[in-house]
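Following: one structure in structure tokens, then a few remarks.
Each chain carries a letter (A, B, C and D) given by its place in the written order, and its residues are counted from 1.
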Amino acid sequence: MTDAHTEPLAQRYTAVRQHSLALSSALTPEDQCVQSMPDASPTKWHLAHTTWFFETLVLQSHVPAYSVHDARYAPLFNSYYESLGPRHPRPQRGLLTRPSLAEVHAYRSAVDSAMLRLIEGPLMQAAGESKLHLLIELGLQHEQQHQELLLTDALHLMSLNPLRPAVMPGAEPSWLSLHALDGESERTPPGAWLDQAGGGIDIGHVGAHFAFDNETPRHRVWVEPHAIARELVTNADFQGFIDDGGYRCASLWLSEGWQAVQALGWAAPLHWLEDGLEFTLQGAQPRQPGQPVRHLSFFEAAAYAEWAGARLPTEFEWESAATGPTPPDHAFGQVWQWTRSSYDPYPRFRPLAGAVGEYNGKFMVGQMVLRGSSLATPPDHARATYRNFFPPATRWQFTGLRLAKDL
Amino acid sequence: MTDAHTEPLAQRYTAVRQHSLALSSALTPEDQCVQSMPDASPTKWHLAHTTWFFETLVLQSHVPAYSVHDARYAPLFNSYYESLGPRHPRPQRGLLTRPSLAEVHAYRSAVDSAMLRLIEGPLMQAAGESKLHLLIELGLQHEQQHQELLLTDALHLMSLNPLRPAVMPGAEPSWLSLHALDGESERTPPGAWLDQAGGGIDIGHVGAHFAFDNETPRHRVWVEPHAIARELVTNADFQGFIDDGGYRCASLWLSEGWQAVQALGWAAPLHWLEDGLEFTLQGAQPRQPGQPVRHLSFFEAAAYAEWAGARLPTEFEWESAATGPTPPDHAFGQVWQWTRSSYDPYPRFRPLAGAVGEYNGKFMVGQMVLRGSSLATPPDHARATYRNFFPPATRWQFTGLRLAKDL
Amino acid sequence: MTDAHTEPLAQRYTAVRQHSLALSSALTPEDQCVQSMPDASPTKWHLAHTTWFFETLVLQSHVPAYSVHDARYAPLFNSYYESLGPRHPRPQRGLLTRPSLAEVHAYRSAVDSAMLRLIEGPLMQAAGESKLHLLIELGLQHEQQHQELLLTDALHLMSLNPLRPAVMPGAEPSWLSLHALDGESERTPPGAWLDQAGGGIDIGHVGAHFAFDNETPRHRVWVEPHAIARELVTNADFQGFIDDGGYRCASLWLSEGWQAVQALGWAAPLHWLEDGLEFTLQGAQPRQPGQPVRHLSFFEAAAYAEWAGARLPTEFEWESAATGPTPPDHAFGQVWQWTRSSYDPYPRFRPLAGAVGEYNGKFMVGQMVLRGSSLATPPDHARATYRNFFPPATRWQFTGLRLAKDL
Amino acid sequence: MTDAHTEPLAQRYTAVRQHSLALSSALTPEDQCVQSMPDASPTKWHLAHTTWFFETLVLQSHVPAYSVHDARYAPLFNSYYESLGPRHPRPQRGLLTRPSLAEVHAYRSAVDSAMLRLIEGPLMQAAGESKLHLLIELGLQHEQQHQELLLTDALHLMSLNPLRPAVMPGAEPSWLSLHALDGESERTPPGAWLDQAGGGIDIGHVGAHFAFDNETPRHRVWVEPHAIARELVTNADFQGFIDDGGYRCASLWLSEGWQAVQALGWAAPLHWLEDGLEFTLQGAQPRQPGQPVRHLSFFEAAAYAEWAGARLPTEFEWESAATGPTPPDHAFGQVWQWTRSSYDPYPRFRPLAGAVGEYNGKFMVGQMVLRGSSLATPPDHARATYRNFFPPATRWQFTGLRLAKDL
């Protein structure tokens, strides 16, 4: 595992970049090319896009002599940066059978060489290390986000194949397995609550370590007395909701959620299969009752909470508990936890200047905040102030929930 | 004008109910039957649905001997109450050429008679006046909401007719005209800001007077120092945005807003016509530069604010200013003002018990809060804690904006 | 009943025009305004469009002093004539609450006055009676087509109203009732076939009487020996198909028809209701087993024929039988009969010159031919060479079938 | 080139099967996996589906001891045979990254081995050679159809890639190049017509050689005197239509075609690129004025004919000319030629018995007939009675036109 704060940058750069390739090592060129839905991207595209990010925002902007690897790539691998020129339509990313996977690997190698020359060369100092270091760290954090998306997107693709191939057959990479729960054994008694006194609390990132702009500035929020569940909701818990008719009871649901249930025929979390199986990165596997339930939409999480006589925590309650003296169990490394907070800007929030300002701010509408991190999040990418966000109907991410209640 | 707090209930009931008919008096039976889009409802449906509300939630629940006017109406005029049985599909409300307008008027008369008998009779006392009074007041406030929708929906329908008929030809009803601005004359100097110190403030409704459940409970919010514009943004202001290429500059827009601009071809507010005209309740009329701009989506409001080097206020900032010692001008009676707040529940919010609990809470996702009131809002329906809400792409309401900025 | 061949033109003009009003006399202004689906048009639109046809193609083209009734109407009531200027979008015909029904009636009166002045005046002779007479007759035949559409469109609208109002409550107009079958009593023994020798036959219209351009020119077609059913397929017959699982057996269906069955959930003809009822012009009525089945798509007709071990006749076989010495029973006045003929042009077909050339030719692709006429066809509008046509999934017309088989 | 009539079956089987692999030899595994639109299929799917056809309809039905290669493949590679079990949804064929291309190649090899054992073994005689031979020949003709689709589908995919990769870079396979026209040099004078006397002619296949069921039975058709163009319409000819505003002139178009022009923005044939280039199997190449225009829809072909003062031939006129003493030039091997004939069944047509009966008959609605063959059709697959068919808006096939006119 890399460490963003202490490790030499060259070493960290190499480790992060290498990890993307490790994650996709069991996937064929075909697996890495296909796009399963407009919201998902092919593995190959993730590998190329993260490389384009370094090439465009670091090398082209800061290395005068840098010669673009292939000028035709920019519109193909620009995701959503309006200020960086035209883009290939997102729903057509899966049509890009060329450049081939081998060519994309070559693209990565070429950019990595140039990046390492930059990192270890004199330009780094001349440019003012801290600013350029921050930009490179942004690129690494960006790649780590795409590492998670790479896995969830590949999982979604494989789930639509009747042959049910595994994204990661056999043993998991160590940082994944480290975070697997061992069934019921290590769980606290269900129903345990952690009381929170409330009052004025400080929320958001401050300090020298990296954070995205959307985690700032640190500011005061007033929170009422409440309790937050010590544990995540499990598969067994959620089975109780299903068995009690939760998917058929309109009064538990937000109006838009109920429409989704009816229109899309939801009757269980995504990736739940017949006969007690679920579809995982290791293919179809027996569902473990004590494992945190995952692949839930916000709507399902909120309906479950209503059914349980509780509610979802706000993102402020979550952050306050996670940074308090008695943090809840499994805040990180299992599932992203839906909160009852819309993804609005913090007071005095301003996006970063330049193209990187398109990173977060322009998505601040119509999405819900998730906190924590999942089994697919690189551990050194997680932090208590991190604000993940997705539209409320999203199900293909590793998303679950933790309950809260008023006191 | 009626007054919800001091007027005898029978008098107020009659006044509110009569007002709905007055608003639709210039519309033909055909005008009142047709539905212009799934989000809008026909006038006749508004007239019948508000009646169904009283019949179902008051008369049927509280008057033992009450005999339903026509048992076939319930599924036709139930809007979205899952707990009150099946409903005619919303996009097909305009297919209901029967019952006729005359039959709907008769339905209103029959329910009004029964309601007045109830209000003035012994049951009212027996049931505990305050609770039943509150329920009837909810019905009246509900009807007042539909009075505004009746106008905006009719305006939308007429706007799609090449003949451009007026919803309200000739003189406006007094409560509408009372609130028309008289061009530039009464406006404060543009650009005036009202500074706000910030800190812990109390937000939300408390007290005996009526409020919707979503305005409660009153609770503390921490607000940073900021300023709020004394005036609303005007047509002339917004013309400046257009002339400066605001609709063609991606960097001003939220991502989803920019997609809407491109997909829907937005280039001006809704109801702006050629040759300096706009489509109003009185038909096509010259656009007044000094009038508040209206028929903007949240996306357009936010893009304008970005262009102006400012931002939208949060709903808490808005409420704090409106209830402070120096409230902004024209907070009420002109246009609903988009805020930078998603429509999330207040801390400890609980919906009302029973079917009326479906009134607000189940819509608390994917919508933005608007504050103030518009020229089409009955004046006694406006209050500083009122939380109106619509999806961010909504344009057919009387929606505008007021700027804010950090201090 | 009028007679296109012997009646004085003024008398015939008045009778046809009056009949449109008679058909809509039980409909309210609201009924006449609403559009139930993009393929259907409001009654009021039919009344105005047929008037626009006379005004534009006869009066404006042939009466020098004619002053247009209302210049704003042309784009509203032009149906599909590209050469006659822009048009209001078809799916938005139902939004035209103005002009009102009374205004459309006034439009009809004004045009009728001008038409009768023309018909009885000197211009008629000067212009060459036969050509202008033909054009006026085209306008009358056009109006008769819309009389049938007026009924099927109104029936479709009413069918979507849970109150199930009748288009024509009470007694039917005489020309409708004349053609009602009296249950089983008058039917020939089921299964009777009329043998046809085949060979070279002449198909299509020739002579002085009116016919649409698509029925010409008369030409030779080679037909194989075959038999055509003496009777139409009845409700009882079709119930047999349903009871035998016809809607669940893929092998009976054309591929596109099977897709429609699955996507649209077809399980019975359109307008079949619960409890042995069907929805008719007189509202919900008991389904008569011996009546011809109606409201079938071509796909259902073809699947039924396959199930019955037979096939649909070609349009040439149908015309040959209908004009032969022993014509099949109920060729006219009950249901349009789907044929196994695509709507292709006859050899040497040329559309009429000018705007009226858009009447038929430009629709000659993607449609199937129907022959005969229905209970809603004005009797003097039916003829053996008539080629009606609709896309194969059409169900809201009075469409049924008659079997054929090879010999 | 193989010859279906004289070559030993084993030799022909091997040649046809090998040809599919040769066509895809320049495509990467990624190219062969992706699906560019619902109407197209991936190369890998074509390779597997044609193999499934032999395995299911020949080996499983006729070789008692045959053991299925992989039981999981049947639903993946069944195209549209309702009688042969469930099928993977057509629009999701491109999601099948597994089985891999190598596994599909292995599937082909295994089935080929079994097929060759069958062809050369005793079962062939026992089963009655002619019937089984016919079934195998059907499988080979089926594979040849997919060879053409494989190329047009791959061409479509590559055309959507901004890098413009070639399906067949460098030299073409001999049977493709044999049929390329050598610019203007070998063309007859433009405008030459071949007069046809008309009368009763016999149409359709008869005899021992293979033909699809839709080409039968041979029957008499009456044809009027007419002329058919000696040559195909060329790129230069079609450029004249464009230059004269053909795509902007509604009166030239069928109604549905005009809607397509407006909705889809058609302004030139598919695969025409900027700067006089077109996208071909060899990538972007200069457009040759004298080459037959291709990648036209029926709508464009019909509009061109209207503009040229001519019409499209019927399929009967085309077949009559092609089998007459002076056949038109380039009837085969360049482009499929749209006819003015809907794809209706021939008199007395009956589909083959069993699953192969789903091959043609169930598609006989909503499609237009094309005659001849294209540069992508295996030469021994073309014949004068062949009835190709596609919906009228189809443009991704090698489709062009030849004019006809009445005499």
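Definition applied: a residue touches a chain if its C-beta (ideal position, glycine included) is under 8 Å from a C-beta of that chain, and two chains touch if they have at least 3 such contacts.
Computed from a prediction, not measured in an experiment: that's the story for all the values here.
Q: Minimal path length between subunit A and subunit C through chains that touch?
A: Shortest path length, in steps: 2.
Q: Based on mean C-alpha positions, I'd like to know which chain lies farthest from subunit A.
A: Chain centre farthest from subunit A's centre: C.
Q: With centres defined as the mean C-alpha position, give me the subunit C-subunit D separation in Å.
A: Result: the chain centres lie 38 Å from each other.
Q: Between subunit A and subunit D, what's the gap in Å when you average each chain's C-alpha atoms?
A: The answer is 47 Å.
Q: Averaged over CA atoms, how far is the centre of subunit B from the centre of subunit D? Could you give it in whole Å?
A: A distance of 59 Å separates the two centres.
Q: Note the residues in subunit D that touch 2 or more other chains, in rising order.
A: none
Q: Is the way these chains touch best called a line, a ring, a star, complete, or other?
A: Drawn as a graph, the chains make one closed cycle, so a ring.
Q: Contact residues on subunit B for subunit C in the complex?
A: 28-31, 33-34, 36, 72, 75-76, 88, 92, 94-101, 157, 160-163, 165
Q: Of all residues in subunit C, which touch subunit D in the complex?
A: Residues in contact with subunit D: 80, 82-83, 200, 219-224, 250-251, 253-258, 298-299, 302, 340-345, 347-348, 358, 362-366, 368, 392, 406.
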